[in-house]
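Chains: A, B and C, in written order; residue numbering restarts at 1 for each.
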């Protein structure tokens, strides 16, 4: 190991951690710690840290002193030990045991936290993109240009069956004629069904012109287009 | 744990649509991270066709389960979306999204561009019968359309076309998915007079409506 | 369409956890938007207890379906998460987010604070048997703990308590969910020598969400 480099001791979190480790390793009863044996081992570890040139926190040395003190006290004949109020607390090890037990509980709790942390780390919260809600939104029952085109296309297809795809340019329909017609048909305030409007159309051209007239009236806000049911019949009413 | 299971988790946690290629990339980088892991190795060997098959299986699964979400393929990958029937409630979670509704004229203009792209402004105006500068500008700002080139007519006016944002906005994968795209693209619509095409089908809009409809005239200047 | 179905869609689309109260709010504002709609009206009448029951049903559903996602309740509401087993792959989607695991000393210190809050540094040190200045500082920097007031003892040392970030980091809904909370909170702790006969009384700087732990403690000598 590099002599110039002092390794901060991370193997044991502190003297209590080292003591717990020794108690576990030696399989001794935490309530009846063989203090002489454990003290010897503890000091052995400190020695080893020194040999390895590890930096040892001051708390390790404080605990070493504490252990030696407890050991010396427990070696005294009973009648020379300082008197204590409670018989249970006669044992000089008691304070250390209590401290170890408390520490162990929190060390275990830290272990639980660590498991939870690992679990959480693998769970990813769903954070979706902002959904595209804005576009298709329109007042209930009203239809978009796409719906209109869609409907229009249905008319054309039906027409194609009758008409053999001939384009008759010489026919004399104008958009303004059709605007007049639609205004007349809707004058009574009765909704005009989309399919009815195109029912009389004789040619593809007439359908196209009628449709353009319809678009124009919608644009001029003369007509309202409603679709009472989704995918249902489209109806036209005067505004 | 199966390919499908892991793909589900990915779709779930991803903040953007995922393509089979991106999913394959995820498998590869996870395998690089843990080379000894058998499952990581196995998944990294998945071909894109297998990933695609798993995505299609998941789509079918969700459909059958009758759940409030769907797996859909969009232009830039696969993504989970909430069921459209729940829109009225889901929308409440995004109050700020409300004002971005497209206006009627904007939608009309967009429809014309979508079906007739690339198209110059004069031709849009010939169909709609009104000036569309403002509307085209706002569609450009929303990146729903873009300038796709210039028409080879006098003045070389700009041509407009729809963008990927347009496709995403309406949930189309391609322009082929536009309703009746094929038929409607062939439809003869009025064009600006400069167009060397067939005579327009529709007669001039000179009807008895209050708003004067400007009939496009001889060589109009394209947008500057 | 049922309550559960709409709640599922909401969880699915939401960008943050949702509480039953927030869901009830969504139902109410959707009903305001479309007053004539029967379903909107019906959902707006849902009580929070019904919404909670639906959330619990969904949690059970997903568990049974063995899918790669789960519904969990977090400190600030219910949210969908991807299955933990898929973590190694899902993580690839977020290359910038590096896992930030806490060190052993940090976890120990945090455990002591979590169970015994509000607690002063000397009392943490009494349990751990080592100085904790550096660790406490780094926990403060990560916002896992905060200063919750000062103890009414000589020197008026600072008291520490855990934060919402702590709960989120470990996926707890509340401090009640800490394992063995009952037992550990009532432990007689070794306390620092300066501790008076009375337990430290928190003088909160900010309102503490937890009741202060009150139990008689015998002043004992901590390790010096």
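Structural remarks
Following the convention adopted for this analysis, a contact is a pair of C-beta atoms (placed from the backbone, for glycine too) under 8 Å apart; a residue touches a chain by one contact, two chains touch by 3 or more.
In this text the structure is predicted, and so the values were computed from the model without any measurement.
Ranking every chain by how far its Cα centroid lies from the centroid of subunit C, the top place goes to B. The chain closest to the protein's centre is A, with centres computed as averages of CA atoms. Computed centre separation for the pair subunit A/subunit C is 15 angstrom, with centres defined by C-alpha atoms.
Subunit A and subunit B have Cα centroids lying 28 Å from one another. Mean C-alpha position of subunit B lies 42 Å from that of subunit C. Annotation for subunit A: residues touching 2 or more other chains are 124-128, 130-131. Shared contact sites, meaning residues of subunit B that touch two or more other chains, fall at 9, 12-13, 15, 80-82, 90-91. The part of subunit B that touches subunit A in the complex is made up of residues 9, 12-13, 15-16, 79-82, 87, 90-91, 94, 97-98, 100-102, 104-105, 107-108, 111, 115, 128-130, 168-171, 179-180, 183-184, 187-190, 199, 201-211, 213.
The touching residues of subunit C, when paired with subunit B in their complex, are 1, 5-10, 12-15, 25-27, 29-30, 33-34, 37, 40, 43, 65, 67-69, 80-83, 85-86, 88-93.
Subunit A makes touch with subunit B in their complex at residues 124-138, 144-146, 149-150, 153, 156-157, 167, 169, 173-176, 179-180, 205, 208-209, 212, 215-216, 218-220, 222.
Interface of subunit A with subunit C (complex): residues 10, 13-17, 57, 59, 62-63, 66, 95, 98-99, 102-103, 105-107, 109-114, 116-128, 130-131, 140.
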